[in-house]
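Can you read through this structure? Questions will come right after.
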């Protein structure tokens, strides 16, 4: 078991690729993506997927080293400012196959 | 009247009613996607097949040219009207949805013609495919021009740093053209049309039991869901105000009548004319929004989607289609008979 | 025998077998929903169309009246039996599922008649729609009466605070009636029936290639999934005990025979009589549970769903349908011929 | 980045609207909803969605101010008592577009 | 040529093209599952029905025997070739996929024959069902034998603790046989075939409007998705290198030609021979991988799935089917006419 | 509200039953399962479900007593070593119907 930072991201599905690129550039060791059924935030409610992905959110879960948090925040903040969404960072202990 | 009370339209009402009565009737999202894929594939194959059988003549070229041009040009007019009340990005986005088309409205009109025993030409389907994307480019152009003007104004009073954002804009045009032209709905429609054209009579015979025979029944199920979805979106418009709701009806009518005018000028028969009118008058809530979320992230999707889906779509399938059809008859256009 | 070994029933067995053998065969949830929407829409449209063609006479009114009344009344009888072993809320919930109907059982019976070349009347579909909801109201009433009695007993030995909870109960009746009457399954069935009735011959011609021709094939796929789901739920009943499992069979039979009696008394022909028997004898595992989760949150859904789905449903489609059909023939009821 | 309380809720889908009303009354700033495939707890296993929503769970993620936790707990506890389900509250740092 | 450019194949190209152009065209996963269930159910029912009508004679038994044996034996040959470059588990897994079959390739060949007006026998469908699972057992056996050899080698240089892992292996054989034989795809295919056989002419008449008439249209939609999925998986193979990609084509050809040889030796007609060749030459990317994830967790699914799906599948439906068909004509095999 | 350990697990869908057995043996009081749309980790990217579950991940959420963490880790570690996947453990406060 190792101390890591647990990072959760909610982002519009159309903008998800940009977040994935940012995470890849940060070199996070893994990523888990789930569909969001509905949600709301500052930009009103998001509930979609029947006709197009235009109003759908995605949920991303990843981890980073405790020392990397500032870099992650610096990288993701501009994306959130432009496209909306949410990042939550918390402490966790990780078990991995290594 | 009998044409108005067809099963598809009544299922649309049923969906709307279910939402208004707060029923928990629901169509799963993946089912809606399946129905949407089915309708695009069906109409594409049918249009391609009809083109293969009917050929592409001068009139076909003229109609497709006019259709494409309208998708480019109409957003500029709509934008000018919308700027009266809205910011540049929202105005540009709504203008783009109206310049483009609604495939579901189109297939509803096709089912209407079918019930009336009136035929139409394959190049109307081609026109629909051609009209999907140009409006997106126009919409983004409009927003960029407005942003450029705003930036220049700012610059005049301050100075500095414009080259970076110009660069920014340049990189995104590539993505924009990909998004506009390679949206899933466009690719499937165009691809199915090409396949229908290439495989002709023989291909059609092998797939028509799936894409043609059950078409109107499937449309019922899809319009049921459209009714559910449209009625849910109407609520979003309460905040948008009466101007926008009015625009959704009046502007659909204005563009629809321009379409009627174009059809008369081009000498189309009644079936083709109805479809051209409905292409002009309908607004996109699938392909264009998907592209705009990337191309105009600053525009509010809670305005442009509900308007096209909750106002213009119901108006067109309930009022627009029978009204344009009646008008075209009154104008003396003859209907060609047969499927 | 040949009627028993029809493809839909065999696919039901296949699904059950697959679950028992721990195969990973699975039908996605959204597909099950699609099939369910399809069957309700199909049977609704067909029933409405048949009503439009056949008209509504005195006998139709009588059958629909008896059907509706039975859905109200039968839960009171079932409740009395169930209270022998179960708490008030669980007894009321199970009684409600049995008062209501199973649409899938009904369409399986319809496919059975179709295979036998026997016709039935549109008002049986209407009867099904009418029977969906009243039992929910009866079930909730039964639970409330029991709770009231319990409260009064408590009050007699203590005193105070009953007006607040009476208020509580009052507010929820509104929600209950909405849930009972506006459940998605009910709305779609009734809506499709109205649409089938209103659009008549012409509407039917435009949708039957989708809602009628592939009906029995689609039913195969749905019954495959029902087999998978029913077999999985049987496990839940191990904890419920032999009383409940026995009730699921015996009570289905009791109500089915009451239905046979009613059919004879009403002078129905063999096809209509079978459908009435199966409406009486079937229990709801879709619409009623959805409403009960809100109306009777204290009742255990792991009892009333597995019972209706894992016991009564298989009993009806495998044993009930052919048995009632044979019995009705033995009783001398004549079958009308034709689809 | 700001300290917040991260709130996760699992509730029967039929009762989800009541939780949403409660959260709205608490004034939480946003909400993300995901579908639950299966689960179990005190009231047995929940695995459904094929025939109706009657046996389906929903997963809700929201946040509140650290000082609001008591109010949230007080509001949600009666719902859990009546309808079952689960609430987990943990610490997190939030990045938002503002 | 006309047979090559059939709608299903062209939709496969469309899907591939859409992925390459980075279009966002997408088929929901649950829809892909529905289409997959539909195709298995359809081909199973049809095969069973044809068996019921045509009967099972000596030749049928011979073909089914040869098919089953090939699924057991061919993986041993493929494994020997693959070990040249790959580890034991990966080699065994890939060998297993090639010993088994691809149902979608088979139904594409069926649609090809149908377009050509050539008939085929029901026992070819039975052969497909029989070939699904044996290869899984062979693959696992190969990996176990290799692991045993490795362990013995280790033991010789150290000593101790082998009985525990032998025990481990023993327990898993049970799970393996269940996985291999009771995979959902196998159960549905076999079950539908039995149902088609048992219900015969009468059953077929009641379901063919769903499982036969729209078959080729549904195949278009499924192959569209297969094109999307196959093109996406091609990227995974960049890392795998040229040996594996070459193997995916060359080994398909080798096994396909063995199939042609077997067909000639067995004296099959042209339609049956094509299907046998394509069963031999196709590789499984659905049923076998699902079983291998459990049976050989150490094998890399990012090798064996992309190879079967991204290389061998496209090769077979685009090149293999028409090529084998031409070759069989050139070899003088006669085609039986009729559906 | 009670202090608990919040346990998140990402595992290949084909191996999910083994994790469920392990959790049942540990006696966790409840479990919530969600579908994973896509992900990547040491063993490359997982994105599937269209044709079979072979390349699909599942997400499991459960809780245990703070003192149980070592037992949970000891039970899950061998599974992760053999089948890959991820376990994250964090602190949370739980509200339940009891």
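The letters A, B, C, D, E and F name the chains in turn, as written, and every chain counts its residues from 1.
Methods note: a contact is a pair of C-beta atoms (placed from the backbone, for glycine too) under 8 Å apart; a residue touches a chain by one contact, two chains touch by 3 or more.
Remember, it's a predicted structure, so these values are computed and weren't measured experimentally.
Fewest steps needed to get from subunit B to subunit F, stepping only to touching chains, is 2. If you compare A-B with C-E, the chain pair joined by more contacting C-beta pairs is C-E.
The chain with its CA mean position farthest from that of subunit A is C. Centre-to-centre separation between subunit C and subunit F, using Cα means, comes to 39 Å.
Per-chain CA centroids place subunit A at a distance of 45 Å from subunit C.
Computed from the mean C-alpha positions, the centre of subunit C lies at a distance of 33 Å from the centre of subunit D.
Under the contact definition stated at the top, the residues of subunit E that touch 2 or more other chains are 24, 27-30, 33-34, 213-214, 290.
Under the contact definition stated at the top, the residues of subunit A that touch 2 or more other chains are 34-35, 53, 83, 90-91.
Chains touching one another, given as pairs, are A-B, A-D, A-F, B-C, B-E, C-D, C-E, D-F, E-F.
Listed in rising order, the residues of subunit D touching subunit C in the complex are 12, 14-15, 43-45, 49-55, 82-83. For subunit F in complex with subunit D, the residues that touch the partner chain are 1, 4, 6, 29-35, 58, 61, 63, 90-98.
If you check the complex, the residues on subunit E that touch subunit C are 28-30, 33-34, 37-38, 41, 45, 178, 182-184, 187-188, 191-192, 194-195, 198-199, 202-203, 206-211, 213-214, 290. For subunit C in complex with subunit D, the touching residues are 27, 29, 32-33, 36, 225, 229, 236, 285-287, 289-290, 292-294, 297, 300-302, 305, 309. Across the complex, subunit B meets subunit C through its residues 2, 5-7, 10-11, 14, 17-18, 21-31, 34, 111, 114-115, 213-218, 220-221, 224.
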